[in-house]
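A short write-up of the structure that comes next.
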Amino acid sequence: MEPSQVVESAREPGRQQRMSVICWSSDLDRVWPTLILATTGAASGLDVNIFFTFWGLRVLQKNNKRVTGGNWMQIGESIVDRGGTGHLKLGKVHFGGLGTWMIKRLAKQHKVADPEELFQMAVDLGVRLYPCQMTMDLYGLSKDDFVEGLEPPVGAASFIEMASESDFTLFI
Amino acid sequence: MEPSQVVESAREPGRQQRMSVICWSSDLDRVWPTLILATTGAASGLDVNIFFTFWGLRVLQKNNKRVTGGNWMQIGESIVDRGGTGHLKLGKVHFGGLGTWMIKRLAKQHKVADPEELFQMAVDLGVRLYPCQMTMDLYGLSKDDFVEGLEPPVGAASFIEMASESDFTLFI
Amino acid sequence: MEPSQVVESAREPGRQQRMSVICWSSDLDRVWPTLILATTGAASGLDVNIFFTFWGLRVLQKNNKRVTGGNWMQIGESIVDRGGTGHLKLGKVHFGGLGTWMIKRLAKQHKVADPEELFQMAVDLGVRLYPCQMTMDLYGLSKDDFVEGLEPPVGAASFIEMASESDFTLFI
């Protein structure tokens, strides 16, 4: 899959249109729209950046990485809050706990790609995926805990630079 | 009620200022600010777009439409997650369950319009309200389930175009 | 602490870059990134505005103000939903209720400033902090309930003007 075109910014002639997203949550119902917008944006010819921070950092974790962190708090948090695009859950208890299973099933019936597939599409389409360095420190996560294809970790100052050069920026 | 003026974009001289919102949630405490900002924006002379997606699509449902969808999952979801501006609830359990009732009562005392009134004001002021086609498919919702006054359903690509032409865009 | 520089807007040459945030929530996990982005932005030379509305208004409350409001609903709400940067809690029950304590402890270990410190830094760095007038009316809050260093209360129309003059705007 390749972007069909490069779209020019309406605001700054001569520059590619750019969108940035803060992925702050690891809830399925927030990560899904994040990845749909990111892949759609990239496929439409935009330059797309996502900054994964706070709960959202867990999205970048390898699906088979069960326990992470160095001290008991970090280890405990990693067990309670399982990471990886294959393990995301809805942000609210829904439909008596069946919600996550059900929405994934509905999506499959309607051929909507799931978060694992969308994430890989994002990488393939050149979406830039930035882990937040500060959150990595808090969680005790290192590069080895993450999937392939990410940019180097950055901090809030880099995100602000990204956002201020973007045509639009969303906090999701 | 009519916009008193047309405000020009600070970024693109000669074009009306534009704001876009993703209404992602059907929680009362998110829909309320969405509609307050949209109607205030439109009344101030801005061109306002709202894209209703995911949980947010239920906001567009007719208040007297109790059950929607075609298969058991869609029907079940529509019962658990009742749609329509008259049936929105706070996103967190609050004040022992009294929260939704209480905040509506406080609003009434202070003459803050409720979501049903604000929604109608938005339509009257020319706010453009777009249902998300993909979410309609997932929920099994059709045009007949929605209130009057909406734009035709669109997808993520159309939203991205909207956002990139806006002076500011919010994910609420 | 003083901004090291003034950064020029990429969009409007000759004007300082500007970011605006709607602080809609008083959840620790939302206020924290709000204040980190605001202080980092201001320290990087941006002009930063925060509009505190809905649940977010409680962030501005004095830490030692226990009960606020005039009628029983307002008083009740103020007891259930304690205000002040020292009393914020995570938005989801996490780690069996230990989450708020744990994340604050992890932050301390990694020398990440807590919300109380960050709020004071924001004031010192000249971040403009606007209470929402309408929410003040709903909650029955007055200027005396708030900390020092705020701008005068404003409404949604003022926020929209702020946003439309900003390089980027986030709803957090």
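In this document, chain identifiers A, B and C correspond to the written order of the chains, with residue numbering beginning at 1 in each.
Here is the rule we use: a residue touches a chain if its C-beta (ideal position, glycine included) is under 8 Å from a C-beta of that chain, and two chains touch if they have at least 3 such contacts.
This structure is a prediction, so every number in the text was calculated from the model and none was measured.
S.K.: More than half overlap in residue numbers between the two sides of the chain A-chain B interface, or less? Answer same or different.
M.R.: Copies use mostly different positions to touch.
S.K.: If you fit chain A onto chain C using the CA atoms, what's the rotation angle, as a multiple of 5 degrees?
M.R.: That rotation is 120 degrees, given to the nearest 5.
S.K.: Please compute the C-alpha centroid of chain A, do the same for chain B, then give the distance between them in whole Å.
M.R.: Taking the mean C-alpha position of each chain, the two centres sit 25 Å apart.
S.K.: What positions in chain B touch 2 or more of the other chains?
M.R.: 11, 168-171
S.K.: Tell me, which parts of chain C touch chain A in their complex?
M.R.: Residues 7, 9-11, 17, 19, 29, 32-33, 36-37, 40-41, 43-44, 46, 92, 94-95, 102-103, 105-107, 110, 112, 167-172.
S.K.: Provide the residue numbers of chain A that touch chain C in the complex, in ascending order.
M.R.: Spelled out, the residues of chain A in touch with chain C are 11-12, 22, 24, 53-55, 73-74, 76-77, 80-81, 91, 134, 137-138, 155-157, 159-161, 163-166, 168-171.
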